[in-house]
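The two complexes that follow have chain A in common; it is paired with chain B in the first and with chain C in the second.
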Partner chain A sequence: MSALSHSLYVDSYREPATNEPAWLSRLRRQALARFEASGFPSPRDEEWRYTHVAPIERKLFTAATGSADTDAAEALIESCRIADAWSLVFVDGMFVPELSERHGLPAGVTLESLASLLALSEADGNAAWLESGLERETESDRHGFLDFNTAFFTDGAVLRLEEGVALEKPVQLFFVSTRNDGRATLRNLIRIGRNAEARVVETHVGPPETGYLGTVVNQIEVADNGGLNHYKLQLDGGRAYHFGGSYARVARDGRFGHHLLSLGGLLVRNEVHARLGHAAQTEMNGVFLSENRQHVDNHIRVDHDEPHGSSRVSYRGILEDRSRGVFQGRIVVHADAQKTDAEMNNRNLLLSDDAEIDTKPQLEIHADDVKCAHGVTIGQLDPDSVFYLESRGIDAATAREMLTFAFAAEIVERFGPLRERLRGLLLARFPNAQ
Partner chain B sequence: MNTLLRIENLHARVDGKAILKGIDLTVKPGEVHAIMGPNGSGKSTLSNVLAGRSGYEVTEGTVTYRGQNLLDQPPEQRAREGVFLAFQYPVEIPGVSNIYLLKAAYNAIRRHRGLNEVDALDFLKLVKEKTRMVDLDEQFLYRGVNEGFSGGEKKRNEILQMAILEPTLCILDETDSGLDIDALKVVANGVNALRSPERAFILVTHYQRLLDYIKPDHVHVLAHGRIVRSGDASLAHELERKGYGWIEAAAAGA
Partner chain C sequence: MSATAETLDRLIKQDYKPGFVTELETDTLPPGLNEDVIRAISKKKNEPEFMLEWRLSAYRHWLTMMEPHWAFVEYAPVDYQAISYYSAPKTTDHPKSLDEVDPKLLETYNKLGIPLYEQEKLAGVAVDAVFDSVSVATTFKDKLAQAGVIFCSMSEAIEKHPDLVRQYLGSVVPAGDNFFAALNSAVFSDGSFVYIPKGVRCPMELSTYFRINAAKTGQFERTLIVADEGSYVSYLEGCTAPMRDENQLHAAVVELVALEGAQIKYSTVQNWYPGDEEGRGGIYNFVTKRGDCRGARSKISWTQVETGSAITWKYPSCILRGDDSVGEFYSVAVTNHRQQADTGTKMIHIGKNTKSTIISKGISAGRAQNSYRGLVKILKSAENARNYTQCDSLLIGDRCGAHTFPYIEVKQPSAQVEHEATTSKISEDQLFFCQQRGLSAEDAVSMIVNGFCKQVFKELPMEFAVEAQALLGISLEGSVG
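Now for the complex of A and B:
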């Protein structure tokens, strides 16, 4: 039954706005055809073994029509706004310029809604790279969500930095959902030029009691010696479905940092892939928290294509109640990628007997002169540490909260330039920890 | 109140194994008691039972602290009532900074006494002063609790906590073991600075050397889970000269 119900989505497909370029309509129809044939990913697919998306197929989440409910969105935005940042705000899949902040962007920076760029004439100069950007294969494993996203995205953010531009303020991208049974489907393109540098804070937020589906795909390119610190704050409401995928290509000497705080949602998949060129570096740091009946799946893939690259993947999960977490990470060192330095680890705290984690870090190494390591731990809070704090007058519940927060905060310490601010967001979940 | 702590006929088990087999000990305010004894005799077990660590099963006897049943109280309450254990092997707690632990503990104890939480600046001043006293660099305040500290630094850190929390009953479980003479003096100074008519100390130690710096009122020998001999400071000298064998033998014969 559920295998066919994705056809509800297919049936709901409308020809996109006439002002969309023909090449995009073609991409969408191709993606739709693949989605029609295969549907959402199934647990038979190894990469989706631990995450069943059937609940999404049983519902039809509808795209918003008309204008966005900006009043409801504003409070949500304020709850997680990073001070002193440029921003683009999307509410229920639609760009809201009034809530966005783009004053004072330096020359050489494009920060725009994708739909508005696509609506411009071919003569605008962006058409060519948008086309090549969107057409690009989304790396190694294509699946139903990506095709779904291509077929249905309504808008998204475009950030483009020309050569040598270093943005001194972060750019915060808000993806706010407000409608029950609504869907928001967005495609973001981020392109960091040679020697350019930026910090982007992708923020997903919605009301606690609203069920919605957000699918957001980021296509990221970092040119030679460019740097991107990409933060993802997944703060969706407790009834939300979220698929987020980031697909980065990092050229020679480029740096890609991905820093995840995954705190919300009911069924969540955080996917991040990076393909690294010569001496390119990636650091991926993730904290995921789940409680009640949440399911949070973190899926990571790093491809070292060329020599001298380095990758550091450190994820920590904290699982409470009856929640379930997944960590599936794979670093592939291809035959040419000699002198690669790769490390992946995942540590998890299971705070309840009913919580569960499936963790599977993998290294696939086809080169012989490399330095690679991986590790996993699953455990409870250390009783000696709890007792130590208690023996200093701290009650048991607070002691546990302090230790749990500390476990997560150690990862946030690696979040680079925005770590102080994001530590505060994490702390909001552990009010007695500090 | 002329008794701070009264332990009567205390028996305790760990993992089903009887370790403490009838301890009697009375500590009055202002006193310093030294407890010595061979490895494995139950000194840390006694310390842990007093501090309230779980996993220790009291099978017989009572412990009365300031007129209250101590064994009924959860560990944090004991701490707030003024019981402090300096651990033989302090744990490392990455991610919880030393200064934050100090502040949380200090405020928990103040709240328990019906006082307001301390002003952050006043507290920092206090902490810095005490940090100098134990001869630790200020950077240790901002590191994770005991994280990567050397053995001596961990022990100084225990004394730092004691100096700030100003407990009423201080139990030092081999805080002097493994210390060089400078660090030993820090520990002794920490204790001596806190000595007062209201406060008492139980010093668990293997070495008479500590007692050159802190003069005990009573010295007890713990062997096989019992206090087999008590005396004054001269007993410690005798133990240092002769070892424990003669006492254990005498106790066994008795």
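Now for the complex of A and C:
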């Protein structure tokens, strides 16, 4: 029965607006055909082994029509706005320029909505790289959500830095959902030029009692010696479905940092893939907290294509109530990638009898002169530490909260320049740990 | 450096010594698989009706199954209709003693370094020798019988102890467990059966030696070991096959049952023909091995040294059902040339305070692919379960691959699970250190490799540990550089 229910989505497909370029309509139709054939991924697919997306198939989340509810969105945005940052705001999949902040952007920076760039004439000069950017295969494992995203995306953010531009202030991208049973499908393109540098804070937020589907795909390119610190704040409401995928290509000597704080949503999949060139580096830090019946699946893949690259992945999970956490990480060292230095680490705290964690850290190594390691631990809070705090007059519940917060905060400490602000967001979840 | 490269080369390129063929008259069924073949096998073995039914239902289930392809190996498809499912040397049906065994067979085992006679007289290890589809000899039966231990071929067990077989066969690996286990259940021809009664410590090590000889046959043996309450047994298994250009299928099933307080130690030295340097020929080793710690405080320990086979697909597992039961897995897997191994273990924690340890050492050389794939699953009932996993890989040469695919699933907050994995090559510094102390490059490498595997080798019974070290040297011959 559920086998064909993704056809509800297929049937809802409408030919895009006439002002879209022909190459894009072609890409969309191809993606739709693949999606029609394969549907959303199922747990029979090894990469989706622990995550059932059937609830998404069972009902049809619809795209917004008309104008966005900006009043409701504003309050949500303010709850997680990073001070002193440029921003683009998307509400229910539509760009809202009034809420966005782009004053004082230096020369050599494009920060625009994808739809508006696509609507411009071919002569604008962006068409060629947008086409090649969007057409690019989304790397190693294509699946239903990527095809779904290509077929249905309504808009997205484009950030392009020319050679040598270093952005002083971070760029915050807001993806706000407000409609029950609504969907927001967005595609972001981020391109960091040679020697350029940026910080991007991708923020997902929605009301607590609203059920919606957000699928956001980031295509990221970092040119030679460029640097991108990409933060993802997943603060969706407790009934939200979220698929987020970031697919980065990092050229020679480039640096790609991905920092995840995954706190919200009912069914969440955070995917991040990085393909590293010569001596490129990546650092991926993640904290996921889940409670009630939340399901959070973190999926990571690092491809070392060329020599001298390095990767550091550390994720920590805290699981409470009846929630379920998943960590799937795969480091692939290809045959030419000698002298690769790769490390992956996943530590988890299982705090309830009904919680579950499934973790699958994988190494696939085809080169011999490498240093690769991975480690996993699953356990509880150390009773001695709890006792120590209790002996100092702190009650047991507070002591546990402090220790749990400290466990997560260790990762946030690695978040670089924005760590102070992001620690505040985390601390909000542990009011007694102050 | 180039001197080391040469040494390594020499090390890798050693020959496969057990690769000869024994010329024997055989009783072989024509290739192909259908219900009549299964009836014929069952009839040849004089099996009771329940066995035939069991086989047929396994076969019917197998027909509905798909061959699994999730393992990290690539191989030419197997044509299940081109295999002969039964081949036996034409000799006296049931040799009463070794004197009645065809001398050619004894000679084969002598050549392989398993002199059944001497073993009987000197070594004090009871051996069951399985040649192609049938068991040809079991030594030390009388002495074992005095202790109450039953050690015989599976066919004999089905005839003489049908109740035990009926009670335990398929209770750990059900007939329809997976594609290869279902195939094995339908067509298995022989294997070993061990029963250790309550409170008995088996007076000697038990051993089975498997030999594939005939061409175009598959070997499908089935081993069942039952250790009753408070008993102990150590069991060894060895395997070889002739060198041939075509691939041969080996799909075995091993079931272990440990009741309350019982201990089973199962050691394997697997040295099936691995194929030649270009990857021609070799055995497809698709094996299901599983132990069930059914009673409290029981313990099952798997130790394996995997050096042979073109393709290995093998996950000796422990179901830790009894409270305080213990599962262990120690493995050295060596792949060279174009060998591919996807091996590991599963530890399923069900009972309280269950403990498991996994130590896996993978060595990959030439153009080989070596994967560790393991599952640690802690169910909600497994309070205070504990697992420690360590998998290390050593790469020798820049065209091989070493992969680690652990799966860890935990539903019990009081569980403690740790997993560590590293991958590296033999460091120049280590080699240099040994060489400046006067060791040749070859000795240095073999010393480092042996050190790398030591944690596993020390779990092997004495005789096997020596054999394993020698095998390791042979398998890697020519690979160090």
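As a working rule, the second predicted complex is superposed on the first by the 434 of 434 C-alpha atoms of A that agree within 3 Å, B and C clash if a C-alpha of one lies under 4 Å from a C-alpha of the other, contacts with A are read in each partner's own complex, and residues count from 1 in each chain.
In the analysis below, a contact is a pair of C-beta atoms (placed from the backbone, for glycine too) under 8 Å apart; a residue touches a chain by one contact, two chains touch by 3 or more.
Because the structure is predicted, anything quoted here is derived from the model rather than measured.
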Touched partner set for A:72, first chain B, second chain C, both or neither: neither
First (chain B), second (chain C), both or neither touched by A:380: second
Broader residue contact with chain A after superposition on the shared chain, chain B or chain C: C
One more residue to check, A:27. First (chain B), second (chain C), both or neither? neither
Name the contact category of A:166: first (chain B only), second (chain C only), both, or neither. neither
After lining up the shared chain so the two structures overlap, which partner does A:359 touch, if you call chain B first and chain C second: first, second, both or neither? second
Using the superposition on chain A described above, determine whether A:368 touches chain B (first), chain C (second), both, or neither. second
Go through chain A and flag every residue that touches chain B in one model and chain C in the other. none
Contact residues on chain A for chain B in the complex? 382-385, 387-396, 398-399, 402-403, 405-407, 409-410, 434
Residues of chain C touching chain A in the complex: 70, 72, 380, 393, 395-425
Please output the residues of chain B touching chain A within their complex, sorted ascending. 51-54, 74-76, 78-80, 84-85, 87, 90-91, 93-96, 100-101, 104-105, 108-109, 112, 144-145, 161, 165
The answer for chain A against chain C in the complex is residues 46, 335, 338, 348, 350-380
